[in-house]
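These notes are about the structure you will find just below.
Chain naming follows the written order as A, B, C and D, and within any one chain the residues start at number 1.
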Amino acid sequence: MTYQSLREECYEANMQLPKLGLVLFTFGNVSAVDRSQAVFAIKPSGVPYEFLKLEDIVIMDYDAKVVDGKMRPSSDTKTHAQLYKNWEGIGGITHTHSTYAVAWSQAGLDIPIFGTTHADHTHQDIPCAPVLTDEMIEGDYEFETGNQIFNCFADKGLSYKEMEMVLLQNHGPFTWGKTAEKSVYSAAVLEEVARMAYLTLQINPNTPRIKDTLRLKHYERKHGKNAYYGQGC
Amino acid sequence: MTYQSLREECYEANMQLPKLGLVLFTFGNVSAVDRSQAVFAIKPSGVPYEFLKLEDIVIMDYDAKVVDGKMRPSSDTKTHAQLYKNWEGIGGITHTHSTYAVAWSQAGLDIPIFGTTHADHTHQDIPCAPVLTDEMIEGDYEFETGNQIFNCFADKGLSYKEMEMVLLQNHGPFTWGKTAEKSVYSAAVLEEVARMAYLTLQINPNTPRIKDTLRLKHYERKHGKNAYYGQGC
Amino acid sequence: MTYQSLREECYEANMQLPKLGLVLFTFGNVSAVDRSQAVFAIKPSGVPYEFLKLEDIVIMDYDAKVVDGKMRPSSDTKTHAQLYKNWEGIGGITHTHSTYAVAWSQAGLDIPIFGTTHADHTHQDIPCAPVLTDEMIEGDYEFETGNQIFNCFADKGLSYKEMEMVLLQNHGPFTWGKTAEKSVYSAAVLEEVARMAYLTLQINPNTPRIKDTLRLKHYERKHGKNAYYGQGC
Amino acid sequence: MTYQSLREECYEANMQLPKLGLVLFTFGNVSAVDRSQAVFAIKPSGVPYEFLKLEDIVIMDYDAKVVDGKMRPSSDTKTHAQLYKNWEGIGGITHTHSTYAVAWSQAGLDIPIFGTTHADHTHQDIPCAPVLTDEMIEGDYEFETGNQIFNCFADKGLSYKEMEMVLLQNHGPFTWGKTAEKSVYSAAVLEEVARMAYLTLQINPNTPRIKDTLRLKHYERKHGKNAYYGQGC
């Protein structure tokens, strides 16, 4: 099989979604990129995880054209392609309809940074990109979804290297990382942070954000140049 | 065994309910229809899923008379019969007391359409049929439950082909589809959409509905004549 | 082993609690009575379910004196004894600290009857017995807990045959039934009904109770003299 | 292997965290102390539970210097060291980011004592230590986290023997006990009590605390000199 190791990376990452409780039926997809060949592997559209096979994974180029594979790729493929094309540093992308992340998306609100669980992963609010304009929706919708993520990051001055997650208003989350596996990790962290922020505001609707020193302390101890979290590898 | 394949379809679909977390004890039932013979198969009343056997499944006609089987059918059988008799396009029906769908039923409210998870499956609010009149309740209750679903769909101008789910006020959900399996799928989607809508309103009680262009875009990309979701089969 | 079948009934019913998600660690106990010998079997105090053995079950009389067994019985034993002594029709009792039932107990409120899931099991609000007086607490506390349940049922005009569950304010639920197994069933139903009522009021804080005709219809179709739910055995 | 039994106690206790649903990925750590040798064993930093091996456990002294082991210890190690150094009666410490405990931490509120589930374990509100000062955060952060716990206990007049849990504002819980296993037990109890208190206030925002007689009755029957809960061993 051509692109076997890329397909394997994509397949393994996709199979993490049901294990982590992030998907119902087929409501999610993960892709993995091979930068040396400028292609990415993605889940086929509408195939239940329990029936997904390695050879079903579809290989695409950055313009969302099929390079290899017999099945139709995820209907969200153009969004993945746009992100790979414009953000050279990412190696994998995950899209889910996980419950709490979707609830914040539907509410149309950024997730405020309330604690160190959030700050361990990013030091800013998790952005909710505004709903697409009618022109974007009626045009090349999934391609424009990628563009709306760029618009949001430009408007808020965010870097995709420091903020590896976004909500699309009325839709749900996209997350990414240096590998497909890490993009799934980000999807699980986002869902948990979304749940914690929800509960926090139910307990105290006037909860202020975490203060700057603590927010940056936790981000830096894990991601800064003098980071001391983990095994340094 | 007569009606074996119909019983099997019904049995398999019923056994999905506990796996999907949609039932506690015996609080649910699924039926499957054979249009060529004008009969449907349904779960027997009050039998726990762990003890349910293929031969326990009861075969009924559209007037809710037993055609084959030794056990008493589900107490909700007349509602199923009414739906099969009047809606020729459906092949299976599911009734559950799943938690979030029941909560909306008890609150007596339609589930507003807030996002694409909802719009991927139907492009309108999920209706809550008003509680039955005293005459209906004290008359042929389960038969009238079916009629109340028709009343609700007529009042709101809904099509059972585009809206495959309904809530009964103070009771719970009924869902349907082209097969019994698809009616179970609809029951699981409804429960998740009900949960997401609940959380959305807890986060932002003034959340507006999803706008028309996005609502229709998602419905059409999965169900329209130019649908491109799934493998086209 | 003496009292072997009674111990088995008690043991099996206790082991259902963790399977149904109704207990954390040792926070629950089930007892089973043998009316012919005027004794009941109960879980020993503080023994984790994973280590519980058949021979650990303790046999007690209705005055809460040990009849057989080497271990110390549940600290709630006198409450069980009081219920068996005064309510001759019950065969088993379950006490848990299940999450939603405890939340209602802590809030000190009866659980309003909002839907048919509730009405299928009892046609009235689930009562919350007021917190015990200081004299009762500082006296024979667990014995008086039984008495407070009787006080509550007397004040509200309830019958233990039609209402097989109660909340103790600031504490948690007790449930009962014709067998130990059925008392566990009632504990699971109570937890689910408590959760549904909670969610219903979060969605619509002004939700009215289910109307009388529907409430009685569902109770009667399952428990009335012309009941047609289940297999009639 | 040196310190084998200490490593085993630490390893076994750590492995309880995912089983009890208290951690996502690596968001938690447990330590176990050997008072006779004045060392403690702790989880290495950033190692997923599924890959954790006995020999990965790191042995530290009370000044948070590595005594034995090849891996980098948990980034929270200095907080553990401070607690062991100052509180001689504790044998194990657990830190998690469990969902409901974090929500209360983020809201910055003590968990009020509403019922007997709480009072069975401690007879006071569970304290939330205020967020550290900027000087503490920018200084020796994890060491100062331990100090902030002492400040909180001093301010509120609490004893670590009667209150085996604390929340750190904007962060999450630390719990302890006579053994590592008991500190994990406390972490699970805290999460459940936090969830129950949350639900209680959602049902009735004006819920008063449990009254003194009942609060002390339950604490004493389990922890007092005349305790009669458990098997007395």
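Following the convention adopted for this analysis, a contact is a pair of C-beta atoms (placed from the backbone, for glycine too) under 8 Å apart; a residue touches a chain by one contact, two chains touch by 3 or more.
Quick caveat: nothing in here was measured; it's all calculated off a predicted structure.
J.: Call it same or different for subunit A and subunit D: same when shared residue numbers make up over half of all numbers used at their interface.
T.: Subunit A vs subunit D: different; shared/all numbers falls short of half.
J.: Any idea what the CA-fit rotation angle from subunit C to subunit D is, to the nearest 5 degrees?
T.: It is a rotation of 90 degrees, to the nearest 5.
J.: Approximately how many whole Å separate the CA-defined centres of subunit A and subunit D?
T.: Result: the chain centres lie 33 Å from each other.
J.: Using mean CA coordinates as chain centres, what's the subunit B-subunit D distance in Å?
T.: Their C-alpha centroids are separated by 46 Å.
J.: Among the residues of subunit C, which ones contact at least 2 other chains?
T.: Counting only residues that touch two or more other chains, subunit C contributes 202.
J.: Mind listing each pair of touching chains for me?
T.: A-B, A-D, B-C, C-D
J.: Quick check: in the complex, which residue numbers of subunit C touch subunit B?
T.: Within the complex, subunit C contacts subunit B at residues 114-117, 185, 188-189, 192, 195-197, 199-200, 202-204, 207, 210-211, 213-214, 217, 221-222, 228-232.
J.: Using the touch definition up top, name the residues of subunit B that touch subunit C in the complex.
T.: It is residues 24-25, 27, 44-47, 71-72, 75, 97, 99-100, 102-109, 131-132, 134, 137-138, 141, 170-172, 198, 201-202 of subunit B that touch subunit C.
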